[in-house]
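Below, subunit A partners subunit B and then partners subunit C, in two separate complexes.
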Partner chain A sequence: MLTMLSFSLSFLFPGDNIINLSGQLNASSSELTQLNHYYQHDNNIIEQYLAYLRHVLQGDLGLSMASQSPISHEIIKLLPATMELSLVALLIAMAIGIPLGFIAAIKHNKTTDNVILAVSMLGYSIPVFWLGLLAILFFSIGLGWLPSAGRISLLFEIEFVTGFQFIDILLSDSPYKWQALNNALAHIILPACVIAVAPTTIFVRLSRAAMIEVLATSYIRAAKSKGLSFSQIIFRHATRNALIKIIRHVGLQFANLITIAMVTEVIFSWPGIGRWLIESIYQRDYTAIQSGLLVLSCFIFIVHILTDFIYAALNPLARGNKYGS
Partner chain B sequence: MAREKTYTEEVFPSPFIQLWIIFRRTPVAMLGFGCFIFLVFLAIFSPLLAPYSPVEGNLEMILLPPAWHDNGNVSYLLGTDELGRDMLSRLMYGTSLTFGLSFVVVLISLVVGVVIGSLSALTKGLKSSFLNHFLDVVLSIPSLLLAIIIVAILGPGIANTVWAIVIVLIPQFIHITRYAVKEEFRKDYVLASRLDGASPFRVLYYSVFPNIVERIMSQATLAQSAAILDIATLGFLGLGAQIPLPEWGAILANGVERFYIAPWTVYLPGLAILFAVVATNLVGEGIRHALKVRREN
Partner chain C sequence: MVVLLMKTKSTPCFFFGLIITLLSGCSDSDKISLDERSIIYCSEGSPETFNPQLITSGTTIDATSHQLYDRLIAYHGEDNTISPALAKSWHMTRDGKKITFYLRKDVTFHQTDNFTPTRLLNADDVIFSFNRILETTHPYHYVSGGNYPFFQSVEFNSLVESIEKINDHTVRFNLRRSDSSFLANLATDFAVILSAEYGQQLSKLNKPHEIDTLPIGTGPFKLKEYRVGSLIRYYRHEGYWQGKAQIEQLVYDITPSKTSRLTKLLARECDVSSYPIAHQKIRDRKDLQLESMTALNIGYFGFNTKKPPFDNKLVRQAVSLAINRQALIDTVYSSEATLAKSILPESSWAFNEAIPSPEYDLAKAKALLDLAGYPDGFDMDIWAMPVQRSYNPNAVTMAKLIQADLKKLNVNVNITSYEWATFLRRLAMSEHQTFLLGWSADHPDPDNFFTPILSCSATNTGNNRTFWCNAAYDELIQKALQTTNVTKRKAYYKEAMLIVNEEMPLLPIAHSRRYQARGANIIGEILPHFGGINFYSVNKNIPLKTINGKVKATKSLPVEQSN
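Up next is the complex of A and B:
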C-alpha cells in the first residue's frame, strides 16, 4: 500500500516520471532508453509498478536529484540519527508522562489532578518550533548549559559503524571515549526534551484515563476488601493493568512523535532524515522526497507492528481473542 | 395559593441546547469560548481595527521594542520588526490568516467529511469495507507529514497549504461521522421512524443529525487546533504563507535571524499561536465535558 502511494507520487510530481523515479537528471538518450527498460516504462502501469517494487526491494531508491548520490546510502546514514532522537524522546515522554498520569488518576478530581491536566493542556497547545527556539534562547544562549545544534562536537572523530551515535562511541577505541559520550549526551538532551513535551501530555491523559478505569474495576475493590494497603494495590495490581492499556497506544503516538521530530531536527540542525526530507522539498528533489517518505512510513509501520506484538506478549487477554475464544 | 402554571409543562430541550446549558456552567470553558469569539471577531474585522498596514514598513522605526520596554514607543504597542512594520497590526492581520483560515479549513473538511461519512454509513459490503481500510491507512500517517507531502506536490503557498490541510482533515471527519451515524442507526427511535416509513435520508436529516452534531463539533475543535498548528508549522518551514504575508508561523520564521537582538519578534507570534490553540482546546474540552455530564444524567 505504501509503495503504491510512493509510486503514484512519481506521477503527481511535476516533470517526467522516469526521471522522478531514478533521479538521473542529465541522462543521455541512450541512458534514458536503458532506464525505460529497467523500470519497464513501455509496458502497462502494473508492470511498471512491479519493476519499481523490485528496485525498492533490492535497496535501489534512485539517485538524489540534488547531490546525484544514491539515496539509499544517504538514508542509511541519516535514519539512525532520527531513530536515536525519537527513541530517546519517547523514553523521556513515557518516563515523565505515565507516572504523572497515574498521580492525576489517584488524586482524581482534586487540585493535583486539575493542575496536571491544565499543564498538559498547555503542553500540547505549544507550537513545537516556538518551544524549540525558546529552549535554545534560554538554555544555550542565556545559560550556556547545553549546545544548540548538531549531534556531537566536531572535535571528536567517531567512526561510522552503526550510525547510532552512542553505540558507535562505545565501539570506538578513541582515548576520549567518555568525553565524547558526555558531549553526545549534552547534544541530545535539548532536542529530545522539546520533542517529548507533546507526547508526554498525551501519555498523561492516556495513563490517567487507563488508571481511572482500572481503579473502578471489581478486582481492585476485591483487593481493597482483602485489606491490602493503598501502595500495595497501586503498585502490584493497578499499575500493571493500566500499563498494558497504554502500551497499545505507543505505536500511534510514535507516528505523531516522528512528525514533531522532523520540525525539531530543522531547528536544532540535527542531521536526521526529517531535516533532509524538508531540505529536499526546498530543492525540489522529488526522488528524495519519494524515498524519504517511503522509508519514514515503513519505519512508523514497523514500530506499529512491534508495539502490537509487545502488547500481545504482555497481555494474555489479547492473545486469546485471536482464536475466537 | 396562586398557581402560575396550571399545567406542569415539561419542556424537552434539544440535545444541542442541553449541551449548551451544561457548557455554560463551566467557567473555564466559557473563558475559552470568549477567547474564541474574540479571535473570530478579530479575524473578520482586523483590517478595520489594525492601526497600521501589515506589509508597509516605517523605516525610521526599525526594531522598536514593545511599549512597556524602556526604549518602546506607545504608538507601536508591541514594537516593530526589522523593516519597521508594526507587530500589533501584523499579528492582527495574522489572525485572519492563521486562525481564520484554519476555521475555513475545518468548515470545508467538516462538510465534505460529514457528507461522505454519512453516505458511507448507509452503504454496506465491499464499498464500505474498502473505504474503511483506506481510511485506516490514511489515518495512520501523521497529519503534518501528509500535509508536507501534499504541499511538496502542489508547491509552497498559502492556498496550497489550505487545500493540503483540508485533504488531511477530511478522513477524520468521515471516520467520526461514520461511527456516530452507525451507532445512532442501531437505536430504537431510528427504528421507530423507519417503521413510520421514513426514507434513510429523512431519518438521517431529522433524527440522526441533531443527535450527533455535538460529537462532530467536538471533533471540529480538535481538528481546528491541529489545523492552526499545521498552518503555522508550514508557514514556519517556509512551505506555507510566503514572505510578506503576516501569517503567525511566517512572522516567527522571519524573526528567527534577529532572535537575540529582537526576541519580541519571535515570542509574540508564538504566544499568539499558543493563545489561539489553547482557546480552541478549552472549547473542545468544555464540549467533551458537557457530553460526559449529559451522558451520566
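Up next is the complex of A and C:
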C-alpha cells in the first residue's frame, strides 16, 4: 500500500518519473537506457511497480537530487537521530503524563483533577513551533542554560557507529567522553521537552480515563471490601491494569510524536530525518521526499506492530482472544 | 557514572539520571575542558576550495588563507607595511626588475592523515606554488580549472618573466618591468605557499585534485575534517614556525542564516560570529563584544561620461552636489559606514587629508545646472545593482533616495535593475546613464583603487564603467607605479584624487565597515586591518557564567598556553 503510494508519487511529481524515482539528474543517454531497463520503464505499469518494489526491497532508494548521494545512506545516518529524540521525548511524556493522569483519576472531580485537566488542555493547544521558539528565547538566549541548536557541540568528534549519539559517545575512546555526554544531554533536553508537551497531555487524559475505568471495576471494589489499604489497591492492582490499557496507545502516539518531531527538528537544527525531509521539500528533491516518506511510514508501522506485540505479551486477555471464538 | 547506570536501568531511572547528570553539570575541574581550548566560529558560508590561489571570495579567504597557509611576506600593522614572513628578508635591484627572497630555514609543513612531510620548506615549494599559476605546462596548472582570478587581474603572467632558484633557500623573481605593487601582491591572502613534496606525492597516487581539497600548508592550523555546509575542523599545527597557536582546535560552524548566527552567538554556542545583525542587542550584552574595522572598499554613484547629459562635467558636478550623502549613509548603511571623501579610503597610507569632501549644496547645484543649459531639469536612469555587498547593502533603496534628492532639481529618475550577471554585462556595453556600484580592494596598495576603477585601460576592459579617460590622471597613476618612493607616490595620488574630485566621473559615497561579534572572554586579534581573518593569536579565558545577560562570575584563570 505504502510502496504503491510512493511509486505513484513519482508520476504525480513534475518531471520525468524515471528521474524522480532514481534521482539521477544528469544521467547520460546510455545511463538513461540502463535506468529504463532497471525500472522496466518500457513495460506496463504493474511490471514497473514490481521493478520498483524489487529496488526498494534491496535497499536501493535512488539518489538524492540535491546531494547526488544514495538516499539509503543519508537515511541511515539521520534516522537514529530522530529515533533518539522521539524516544527520549516519549519517555519524558510517559514519565510525566501517566502519573499525572493517575493522580487526576484518583482525585476524580476534585480541584486537583480540574487543574491537571485544564493545564493539559492548555499544553495540547500550544503550537509546537511557537513553544520551540519560546523555549530557545527563554532557556538559551535569556537564561543561557541550554544550547539551542544541534545534537552536540561541534567541538566533540564522535565517530559514527550506531548513529545513536549516546551509544556512540560511550563506545568512543575520546578523552573527553564525559564532557561529550554532558554536552549531548544538554542538547537533547530542550527539543525533547518541547516534543513531549503534546503527548504528555494525551497521556494524562488516557491514563486518567484508564484509571477511572479500572477503579470502577468489580475487582477493585472487591479489594476495597477485603480491607486492603489505599496504596495497596493503587500500586498493586489499579496501576498495573491501567498501564496495560495505555501501552496500546503508545504506538498510536508515536506517529503523532514523529510529526511534532519533524517541526521541532527544524527549529532546533536537529540533524534528523524530519529536518532533512522538510529541506528536501524546499529543494524540490522528489526522490528524497518519496523515499523519506516511505521509510518514515514503515518506521511508524513497525513501531505499531511492536507495541501490539508488547501489549499482547503483557496482557493475557489479548493473547487469549486470538485463540478464542 | 550516573549515566552508565541509567543506560542499563529502566525508564524512570533513565529520566531521573538525565536530570541528575544535567544538574551536576560540567564538574571536571582538574583538567581544562575541551571547550576552553577550542574556538567555535560561526561563519556565513562554505568555502569553495581550500586553496586561496583559485578564488577571490571573502568567505573562502576567511576560512583558509591565514589558517592554513603563509605567504613569503605579510602586511603588518595599521598602515599595512610589508614585513617578513616565510621570507626572512628580500632584496630588490635598483631598476626594480629583480627581487630576491631569502627563505627561513625552520618552516615545517602540516602533518596530516594523508601526508607526512620529510623535509622543511625550501625554494622548490615557492617555485612550485607560483609556477602553478604562471606556467600552463605545470602539472597542477589545470587541476581545479586553471583559473587564478586574482593573479589574472593584476596581470601576474605578463609581469613575471621567470622564477629562479638561486640555492635551497634563495628564490629570485625576474620581472619584465618594475611594478611598485608587486610586493603588495605577494603579500595578499592569495599568494600562498603550497608544498611541492605533497604535489609530487599526489601525482604519484594519481589524485592531483586533493591538493586543493585536502590542503597542506605551513600555517598555524591544519585541516582535520570538512563537512560541506556543516563544519570545518582545524587542529593546531604543533610545529608552526612562529610558535604554536594557543587554542588546540578551531571549528567553523557554517551557519548561513543571519538569525541563526545571532541565536548561536547569544546562546554562546559560538565564540565568534561573522557579520552579525542586531548590533545594539550585542552591544547591550556585557558578555559579548562587537568589533568593526573599516574595510578597504568604496561604494559609489558613477556617471557614464560618454552619454549626454553626463558627458558634461557641469551636469555631473550639479547632480553630485544635489545628493545628500549623509542621509544615504544613515539609511542604507544604518550609519555603520564612513562618508567617503574620495575613492581612496582614509585608512590607506596614500590618503591625503587635504582632499575636500564633496559637498551637499542645492543652490550651487541649481546654478550649475542652469549654467550647463538644463534649467528645467531632464530625465535620467539609475542602474542599481541587484545584489547586496558590504560596500552597498541596498542599492535600490539608495537609488530611491537619490531619486527624491534629484526631484528638487527637476531631474526625473527611473530606477533600473537587472540580474547581476546581466547587469555587469550591460554596464560593460555602456548601455547605462548612471549606476550604483562599488569596489573592494584586493590588496592595500593604493593603486588597487586608482587603476581598476578609473584608468583608460580599464575603459577598454569594461571595468571602468564611467568610460572616463583622462590623460593627466592616467599619467599620474602610471608615474606613481613606477617609483617606490612613498612620498612621491603620495604626491601623485593626491594630484589624481584632486582631478577626480574636479572632473567628478563618479561620486564616492561610503567606505563600509566590517563587523564581527565575539564573547568577551575571547582575547586576541581576529579581524586584521586588511584581508581575511586570522585565528593564530586568539585565546580564551574561562567561560563567563551569565544569567539574564549579566556577567555573574568573571574570575579569570590563567589559561594554559602549552602542554
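We adopt the following convention: the second predicted complex is superposed on the first by the 324 of 325 C-alpha atoms of A that agree within 3 Å, B and C clash if a C-alpha of one lies under 4 Å from a C-alpha of the other, contacts with A are read in each partner's own complex, and residues count from 1 in each chain.
By our rule, a residue touches a chain if its C-beta (ideal position, glycine included) is under 8 Å from a C-beta of that chain, and two chains touch if they have at least 3 such contacts.
What you see is a predicted model, and the numbers here were worked out from it, not measured in a lab.
When both complexes are superposed on subunit A, subunit B and subunit C end up sitting side by side without clashing.
When the shared chain is aligned, subunit C comes close enough to touch A:189, but subunit B does not.
In the superposition on chain A, A:121 makes contact with subunit B only, not with subunit C.
In the superposed model, A:297 makes contact with subunit B only, not with subunit C.
When the two complexes are overlaid on their common chain A, residue A:230 makes contact with neither subunit B nor subunit C. In the superposition on chain A, A:282 contacts subunit B only, with no contact to subunit C. In the superposition on chain A, contact is made by A:141 with both subunit B and subunit C. Nearest C-alpha atoms belonging to subunit B and subunit C sit 5 Å apart in the superposition, given in whole angstrom.
On subunit A, the patch touched by subunit B and the patch touched by subunit C overlap at residues 141. Remark: subunit C residues 3-4, 7, 11-12, 14-15, 18, 21-22, 25-26, 28, 33-35, 38, 40, 224-225, 231, 233, 249, 251, 253, 260, 263-264, 266-269, 546-549 touch subunit A in the complex.
By the touch criterion stated above, subunit A contacts subunit B in their complex at residues 1-2, 9, 12-13, 121-122, 124-130, 133-134, 137, 141, 252, 255-256, 258-259, 262-263, 266, 277-278, 281-282, 289, 293, 296-297, 300-301, 304.
On subunit B, the positions that touch subunit A within their shared complex are 137, 140-145, 148-149, 151-153, 225, 229, 232-233, 236-239, 249, 252, 256, 259-260, 263, 266-267, 269-270, 273-274, 277-278, 281-282, 285. Chain contact summary for the complex, subunit A toward subunit C: residues 88, 91-92, 94-95, 136, 140-144, 147-150, 153-157, 166, 170, 176, 178-179, 181-182, 185-186, 189, 269.
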